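Okay, so chain A shows up in both of these, paired with chain B first and chain C after.
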Partner chain A sequence: MQIFKAFFKVLKKSIPSSLIYIIIFLSISLVFAFSGQEDKTVFEQTELIFCIFDQDDSAESRSLVSYIGKQHELVDLEQDEDILLDALYYERVNCILLIKSGYAKQLAAGNTENLFERYTMHAGYADILTEQLLDQYVASVSAYLAEGCLLPEAVQKAETALSVQADVTYADFEADTEYPTVLFFFFQYLPYILISVLFNTLCPVLLTMNRNDIRFRTDCSGIRPASYLLWNSAGSVLFIIGIWLLFMGVGMILYGGLYVGKAWIAALNSFVFTLVSASWAILFSCFSPGENTINLITQVIGLGMSFFCGIFVEQSLLGSGVLAVARFLPAYWYVRINNMLSGNEPFRSENVLVFLLIETAFAVVAGMLALLIGKFRYRRLSAE
Partner chain B sequence: MFFHDLKYFILSQLKTKNLIFWLLLFPIALGCFFRIAFGEIYGNLTQTGPIPVAVVEEKDNPVFRSVLESMKGLEEQFLDPVDLDEATALERLKNNTVEGILYVNDKLRLTVAEDGLEETMLKKFVETYTLRETILTDAALTHPEKMEAAAAALSKDCHSVASVSVTTGNTNNFTQYFYNLIAMTALYGSLLGMQICFNNQANLSALGARKSCSPISKAVSLAADLTGAVLLQFLCMAVCVTFLVFVLKIDLGNRLPLVYLAACLGGMTGVSIGFFVGSIGTAGQRVRTGICNAVVLLFCFFSGLMVGNMKALVARFVPWLNEINPAAVISDSIYCLNLYSDYRRFGEKLAAMLLISLLFCILGIIMTRRKQYADI
Partner chain C sequence: MENTVIKIENLVKRYGDLIALDHFSLAIREGEIFGLLGPNGSGKTTTINCMLSLLAFDKGNIEIFGQKMTPVSYDIKKQIGIIMQDVAVFNELTVYENIDYFCGLYITDKAERKRCVMEAVEFTGLGEFLKFYPKKLSGGLLRRLNIACGIAHKPRLIILDEPTIAVDPQSRNKILEGIQKLNRMGATIVYTSHYMEEVEQICTRIAIMDKGKKIAEGTKDELKRMIKNTETITVEVLGLSEAVRNEIIQLPHVYRTEYDGERLTVFCSGGTHNLIRVLDVFRTHEIRVGRVYSELPTLNDVFLEITGKELRDRKGDSHVLS
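After this line comes the complex of A and B, so read on.
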């Protein structure tokens, strides 16, 4: 019991360094949860951000600007090269459009080519959408002109025809109340926090408890080595479970009650990952790292796994080479399960089980290695 | 004495593991992670392909069928239609393997699972199809003789938009994370700057106490340590930029010597900030280091190290902050080199870095001057 008490006394000193991670994570989670995401029932088309410079300044060009403004967002920018470049680079605008001088005259004459100049930077669907929007507008006006209308009338008729909205409905999928978005994000970022907290807290405590002078002193006392290991392990397990329970408690606050269905699978997944992180932290502490090395390894493992395995960036956006390497890391399988629960990939219960077993294997291997190294080091010390 | 002090400052700092970690290893590790995470995102996000859509035919519609057939032959195929029954189509929509379901009847209907650009494009497709019907029906009612001309006008490729490229530089906006990484490394030079104060202030280290009692001129000692810190930081910045460009193959533009210059000047700014923070008050090493790290991370946060679009947000709501935030100034200087053809804004950023460095150095000197052992 003395060992157990000593463990928590040392632990108390290490907790402040991890508290910063816990507080920041919990604050962000709570803010995210209470910012409120309404369930949408009506489709809203994506609004692009346009900055339009009207060199023609005719009734027809102003009408076009107004037409674009009804569907998309218009912003005013100074016609300065630096400002425009910055706005495009940082995506404050999707398209900078120049309505060229003589637009109305060209349109009336039936010329449809090169009426506009478009300044863009990042290719993508937004570019195609802009092109479609303008081509469709010009084609419609041209069609009415071909019918014999005068330009103002053609513009008016084209805009009336273009104002007809398509019949778009949302698919009537039942909202996933078992695993809402807020819980998905909570569990998505949890591995980074678990690694940071467990490495920063558990490693220094185990290092102190296993320091040579302390081990020598304990060996001289009446406490058996097995008992020392047992009480140390009991302290570690209690702390690990305590941290996990703390996060599950916060998860339930975000969820609004006791977990149901899929949320329990997420909780189980996080528990297995907690064991993985803890076993890695214990294994790492066997090498007696210094304070700086603990810091370095925590950052490298925490950030590395988060970037590699799809915690910070969606797995679908990572390259195939990166994902091939990530398979050798536990967080990859953790994220795969989380993706299945959220519906980002098809849910298969047999896959969930396999992935959980793979994660567990990482924990078991690290735990066994830690035991082996610990035993080897203790024997060597005893021999000295 | 100057060179003696300089030599031992550099040697002692090279043996400080903490500094090696934050100034060399951490930026390299973070650079690798950024490369892994953001390496292919830009390509994936800007890549366009046919939008997968399920077609559920509720009623035979040969006109729509011919439209779909005609699209298949196009060089840049817009849609990737697949004929399905309603249940399978809904299942595919739920699994995100199609972006929408087109119900073909007398009129077209679209069902989607979420809002988005692809879904908006599908909506536009339905509207374009309906628009043709509306205009041609109009023509048939009012000027039937001109219906053919109207149809020809609608079918014609307008090519109304000419695209103009705004820069020849690297437009991948995920590269800004690497600009900010360089800025962060530069500002971590503040740890070196603080070390100058720790080494010279009697209550902060044994070395400081010893130096305070020694007959060495304080001005000479500070000048030697400042020079040593700046030289070491230049080395760290050179390693950082070299690693990013030649190992991680990050495109920082074709004016690389100027990138090194900007990074080194940024490093000098970092050292000067640390020198200033280290000179304030009588707090211990841990407190000062904590304050310095917090300030550096705050600067980097507002410059966009953690949230990519942050600098644009700051530019929109508090534009002056980007002009005085050292991290934003450093990352901006490299951004300008990459995207702008002229050197005007780059020059302004370099001048800003020099000014900030000078200001903090002067403030640091003012704070440390005449501070004797007995004053602390």
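After this line comes the complex of A and C, so read on.
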């Protein structure tokens, strides 16, 4: 028990260096969760800003302007090229529409070409929407004209028909999903934090507890070496589980309650990755690194794995060469599972199981290597 | 008859081709302050590590408290306190927590442990520093903390492996006084050092080691009697003639002289009034002399005469060995 207590007293001294990672990650997660969510339950039609110059100035062209004005915002601008270009550039207007002279006559004659001149900043959504709006309008009027209506009647009927809005029901796919986006991102970035926290905390503690002089002095007492190892292991396990539970607790806050279905798989995935990070930290501590080396290696492993394996950059954006290398790292398989849970790739339970086993293998190999090296070092210490 | 606490028989320890301990034997009795004296690399620490079964040895037998010592002799280990030459404490724990931790490896009862820790604190004079972290302590205080960690559980046998290295004279005296006090309280002490003055000051019996062998053993007087030299007389004198030197060497009990042009050293074996006889020679020849002093043999002289080399390098720092 004395060793166990000492383990946590030493651990207490290492925690501040990791606290910064935990606080930043939790803050970002919480801010992201509670302030970045939009209300996606109400449909609103996109409203553009139009500046319309009506050169035709006919009843039909005015009717078109009025029709556009009902759905979008109209602004008046001086017909000066610089002013208009500035307005487009600074997005004070989305579209400048010129209704050409002779619009009504051409429309009545069934000619739908060259009725307008349209200017948008670039081929974005505003360009597509305005094109769609005008095409629909002209096509509808043409259809009514073809039916035998006169132009004023055709315009009126077309506008009436087009003003009918379809009932839009927002299909919230997340409402019944067990894995919302906020949780996806939380679990996506978790490996980097786990590596940083476990390396920065566990390594210094194990280094202290396994210092040659401390081990020597402890071995002089009535404590068996196996007992010493056992108490240190118990301390490590408790700390590792504690860290994981802390993050799971935060995850549940973001989730808004106890995990359901797929979220539990994500939790299991993160637990296995916690074991991987811990076993790597334990293995690393066997080489007695200095404080600066610990920081350096933490960053190299944490950032390196995050970039290579698709934590910071989606795997779909990474090259095949990078992904081929990433397969030899545990985070790659972690991210694959997370992608399956979020729907970024097809969910297959047998793949999830295989990937979890691959991650576990990384943990087991590192753990066994750490045990072997530890035993070798202890024997060498006894022989010197 | 006094009980034998430690019995080492024909201990051999090899590091490859190097023989660290060469058929080393020793018997330490209960209540002794036993000094293990020898230069660096003589095998003192190796002996201690073998005694504690921290180090496997090639041949020989070690018994502590009448029982064979093995790596799993935990009942014996519980009765031993060890103070290493390197300060082995947690930098992350306070003075109190450190002593409590090491004491807790032996004593599980919380109340008893607290009492023992406080007694160790009082014994080492660390009361004012209980909440200090080791990095805030001076070298002397660190050594005292190291000792407190080793003695808090009240061991019957205390092994101190060069506990005064890099300690200021004041702290060193306190440590030595403390060791004698521990002995008076009933503990058997094994004290290793290459500082012969310390060993002479506190040890009741001494073994001198060199190259893994015990070259002499006994009380300090017994050891000094083993050598020819009983008195060394040094006279500062300039331009001393060969004739006068020959006259001095003819004096009774003088067996050797050395002269470097400024200082004459006269080695005597037995006898009394040797200094007066030497000074009489100078007076007869009306030779003016500077400082004159007479020294009794030290353990260094014992070591020098037995091994032909000095225990300590006289040319360098007083703590640097040859």
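Side notes on the structure shown:
Definition applied: the second predicted complex is superposed on the first by the 244 of 384 C-alpha atoms of A that agree within 3 Å, B and C clash if a C-alpha of one lies under 4 Å from a C-alpha of the other, contacts with A are read in each partner's own complex, and residues count from 1 in each chain.
The working rule: a contact is a pair of C-beta atoms (placed from the backbone, for glycine too) under 8 Å apart; a residue touches a chain by one contact, two chains touch by 3 or more.
Source: prediction; values computed, not measured.
When the two structures are aligned on the shared chain, A:I23 is found in touch with neither chain B nor chain C.
Applying the stated contact rule after C-alpha superposition, one finds that A:T218 touches chain C and leaves chain B untouched. In the superposition on chain A, contact of A:A6 is made with chain C only, not with chain B. By the touch criterion defined above, A:S140 lies against chain B but remains apart from chain C after alignment on the C-alpha atoms of chain A. Of the two partner chains placed around the shared chain by superposition, chain B is the only one that A:G343 touches, whereas chain C remains out of contact. With both structures placed on the common chain, the touch criterion links A:T208 to chain C but leaves chain B unconnected. With both structures placed on the common chain, the touch criterion links A:A59 to neither chain B nor chain C. Contact comparison for chain A: of chain B and chain C, B touches the greater number of residues. Chain A makes touch with chain B in their complex at residues 40, 43-46, 82, 84-92, 112-136, 138-140, 142-148, 157, 161-162, 164-171, 173, 290, 292, 295-296, 299-300, 303-304, 306-308, 312-313, 317-319, 322, 343-344, 346.
If you check the complex, the residues on chain B that touch chain A are 17-18, 21, 25-26, 29-30, 32-34, 36-42, 44-48, 78, 90, 93-96, 101, 107-113, 115-121, 123-124, 126-128, 130-131, 134-135, 138-139, 142-143, 146, 149-154, 156-164, 166-167, 171, 173, 309, 311-312, 315-316, 335, 339-340, 345.
The touching residues of chain C, counted against chain A in their complex, run 15, 52, 54-56, 72, 74-75, 77-78, 80, 82, 84, 86-88, 90-93, 97, 101-102, 104-106, 108, 149-150.
Against chain C, the residues of chain A that register as touching in their complex are 1-3, 5-6, 9-10, 12-13, 208, 211, 213-214, 216-224, 382-384.
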